[in-house]
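Each structure below appears as structure tokens.
There are two complexes below, and they share subunit A, which is joined by subunit B in the first and by subunit C in the second.
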Partner chain A sequence: MLKVNDISVRYDLISVLDNVSFLVEEGQFVAIVGANSAGKTTILKTLSALVSAFQGTIEFFNERIDHLPPYEIAAKGISHVPEGRRIFDKLTIKENLLVGAHVRDDQQDVLETLEEMYALFPILKQRQTQKGETLSGGERQQLAIARGLMAKPRLLMLDEPSLGLSPILSNKVIHTCEEIRRKGTTILIVEQKVTEVLKLVDRGYVLQRGQIIMEGKGEELLESDLIRKAYLGL
Partner chain B sequence: MDVTIFLQLVISGLLIGFVFSLIAVGLTLIWGVMDILNFAHGDFLMLAMFSAFLMFANLGVDPVFSLPVIVGLLFFVGLLTFRLVIKPVLGYHALIALLATFGLSIFIRNVVLFFLGPDFRVINQSVLAGKRISFLGLHLSLPQLVSAIGCVLITYVVYLFISKSKFGRALRATALDKDTALLMGINTNRVFALTFGLGAACVGAAGGFLVNFYYVFPEVGLNFAILSFVIVALGGFGNIGGAFLAGILVGLVENIGGFFVGPEFKYTLVFILYLIVISLRPKGLFGW
Partner chain C sequence: MQNDKNFYIIFSIILIFMAVAPLVIQNTHFQHLLIMLLLFATLSQAWNLIGGYAGQVSFGHAVFFGIGSYAAMAPLTHWGLTPWVGMLIGGVVAIIVALIIGVPVFRLKGHYFAISTFAVAEVVRELFTNWEWVDGPIGLDAPVLEQGFYNLMFYKNKLPYLYIVLVFFFIMMLLTFRMERTRMGYYFRAIKQRPEAAQAMGVHISKYKQYALMMSAFFTAICGALYGLYILHIEPATVLSLDISIKIVLITALGGTGALWGPLLGSIILIPLQEYSRIWLGGTGKGIDLILLGALIVLICIYEPRGIVGLLKRFNFQKGKN
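This part shows the complex of A and B:
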């Protein structure tokens, strides 16, 4: 469904992504893992057109989307949960969720999705009238994911959802992603928590200094020497 | 002091305060969403008043009936301003947009001066002109009363629209975090354009009411613009409810203070109030 071919991105003259190519098939849970500043966030920003690539193409369901503005990419069914959650602090939890459904016109269905989100994340229902700024880190992450899902996306992209969370919470968040995938949403996640994520995903890509240096099934990557040495210290 | 005089002052203050509020709501909307202070806001007011005056003088349309046309016209002026003046400088330093609206202000005023001259004009034969309601020794000018009620209603509708509608949510999301709003599928440039249109339509409605009891001349917008900057800052930048209450406060200070200290000092009092509030609460009375 998503085909990224040879994209390269520079910030000023510094190369951040260098000929990156990867595939996400429908229904899959795909991860891009790598250390800090490997370029993971830039990949998602490029897919959402917040950053433009100077070379390469991006196809979504066989249609080029690399020339579209961010809001049209969202309307195509790509939902991006950005790094740092980026909750709308002064809006209520419910309003945050409804903004997530901005691309949809079917108001009745939107309310049904809202109820589904409340079922998936009960804390959000309890706090629906509170402002976003009142939530804790873990709750903010739940809201950010739920807000991303409100669009009923065909592809959900998550940027380091575990960042800044305690190990228990971050595991919970990553397992929630697995649950969302089981319900039928395709997920592309970028993460530093290599072990936890690779255990769950169908396919993983390892990004190092802007280049994809390895790819394969999650379990295969976990057993590879590179991952064991570089990320697990074994 | 006679209670009747005091009540009369309070009522007069409220009546003009509601008009100030609507002017300031238009300004604070644009600021809140785009961080741009629109220096041409007063000139939008003048355009609205002149449009109403010309429709009355040339076509015989009473300002009460031309109001919807004026609101629509100013909405269009707002959209056009965004497209031609603001959009080209978006993404650059905010000062550039501010100076662009300053230039637009001078441009609009001088075009009107060139074509219509500097004379003061007044509509004195409208449906409302010269009528007043008297009770308990108080006198209410009907044009002012109708204008105040109209301005309150429109302010409330704008408030409801911003706080309850889907577009209002998108507008608030864009104001808080433009990039994330884009990721939610919000066309932020469209939100900006409509916000500018809405802000101009608010001041257009205020101008359409004001023309019923105020002189029209090319510089009429200046005083109102300066007062509305004060109101916006007092109410907290971008805060519609704050602008509404601060508008009333300024109307009251202007009228009551002007009576006690002298009408020539009425603006001095408003600015003293402004300086006191800003030194104690830099974010305004109702700012975040």
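This part shows the complex of A and C:
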């Protein structure tokens, strides 16, 4: 479904991503894990063309998308939930969700998805007329994910959804992702919470200083020496 | 929705007041004040579409204003063409100028838009100052024509002007109110707050900024036409001046940017303040009105950046707590 070949990204002269390649198959739950500043966010930004790669190709359903502008990438069915829960503070919850459905035309269909989101995240239904700024951290994350799903994406990309949440909440958020995947959406997640994520995903990639240094099934990675030493401190 | 109902009630009351008050108080100066107030409220609302809702601050709206006044006035002076057609021509030309500014500039991030509006306004002012057909720096005086709606000229009293401006105010407010509730309105505000997140959602941000600017330019030109036809004389130093550009921004900032009632509230305070400070302080106090305006803006920036709308909200909130 998504095939990233050898992409390299530089911010000015500093290399952030160096020949990164990975694959996401349809229906999979895939994670890219790594420490702060490993380049995880940059990968997602490159995929949605907010940042441009100076080298490498990106294919989505066998079609090159690396030269497309952000709005066309979203229209192809790639939805990006940005890091830091970037919801629209001054818009109501419902308005936030409707902006997420920007790429869709059938309004009746959009309203159905809205109801689905309210079923998945009941708190959002209760607060639908409140402004985004009134939400707590956990609620914001739920809104950001729901907003991403409003596009009915073929691929949902999540940027550190657990950042800044309590352990209980972040576990809940990660498990919600699992539920979304079960309903048929392919997910690419980048995370720092290595254990929680790797337990759930089909495939994981470990990113270190802009390079993928390991890949494999989630469970396999958890058992590898490298992950145990570097990320779990065992 | 409760909010919608409130809007319609308050809006109707204001419209009725604006329509009836000049019939009761038959003071010409009061009528003039109301005309200017409504005109600038409409104008600032037009600016608010791009500057307030979409968050792209323009310091050059005089360019659209001036184009509107000249488009109505020049064909009227030279060929006797009805200003209603001139007004539309002005609106269309303003949209074209908006495209010329927006297409290259909205591709860039940052403050380029503000700077370029400023520059374009200066260039256009120079062009008109040196354009013989519109009498360069001297400007145009409206010809004396038969009064009535066709020529948009009324000599006996100001009331017809007032009602015409009131109609445009009505249209502008209603349009903004409806726009706030459409997806386009959400996109504008989303772009203003978090352009990158909006982009990640697939919102074509430069396209929507362009729409906002085009709508804004069109209505600004209409207001320019009305202004020229009411004042009966236009020249580059007034209708294309930085003064006009800044005044539009100040009114909206004072009232509340990106807020439906902001432009009206700003005009209610600024227009009378400006008129009366000029009358009372006269020639000796030239510029004092501007000092007062400046002081007001500084206070607003320090204590309530959301403008008068913000103050009212704060007041409402405290009332709610008690």
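Keep this in mind: the second predicted complex is superposed on the first by the 234 of 234 C-alpha atoms of A that agree within 3 Å, B and C clash if a C-alpha of one lies under 4 Å from a C-alpha of the other, contacts with A are read in each partner's own complex, and residues count from 1 in each chain.
Rule of thumb we're sticking to: a residue touches a chain if its C-beta (ideal position, glycine included) is under 8 Å from a C-beta of that chain, and two chains touch if they have at least 3 such contacts.
Values in this document were obtained by computation on a predicted structure and should not be read as measured data.
Q: Once both complexes are superposed via subunit A, do subunit B and subunit C end up clashing or fitting?
A: Result for subunit B and subunit C: clash.
Q: Determine, under the contact definition given at the top, whether A:163 touches first (subunit B), second (subunit C), both, or neither.
A: In the superposition, A:163 touches no partner, neither subunit B nor subunit C.
Q: Just checking: does A:23 make contact with subunit B only, subunit C only, both, or neither of them? Give me first, second, both or neither.
A: Once the two structures are laid over each other on A, A:23 reaches no partner at all.
Q: Have a look at where A:103 lands relative to subunit B and subunit C in the superposition and call it first, second, both or neither.
A: So A:103 meets both subunit B and subunit C here.
Q: Under the contact definition given at the top, report the residues of subunit A touching subunit B in one complex and subunit C in the other.
A: In the superposed arrangement, which is not itself an observed complex, subunit A uses residues 48, 50, 69-71, 74-75, 79-80, 82, 86, 88-91, 95, 98-100, 102-103, 147, 151 for both subunit B and subunit C.
Q: Residue numbers of subunit C touching subunit A in their complex, please.
A: 183, 186-187, 189-190, 193-194, 196-204, 207, 258
Q: What residues on subunit A touch subunit C, complex-wise?
A: Where subunit A meets subunit C, its residues are 48, 50, 69-71, 73-75, 79-82, 86-91, 95, 98-100, 102-103, 147-148, 151.
Q: Please name which positions on subunit B make contact with subunit A in the complex.
A: Contact set of subunit B toward subunit A: 166, 169-170, 172-173, 176-177, 179-188, 288.
Q: Please output the residues of subunit A touching subunit B within their complex, sorted ascending.
A: The touching residues are 48, 50, 69-71, 74-75, 79-80, 82, 86, 88-91, 95, 98-100, 102-103, 147, 151.
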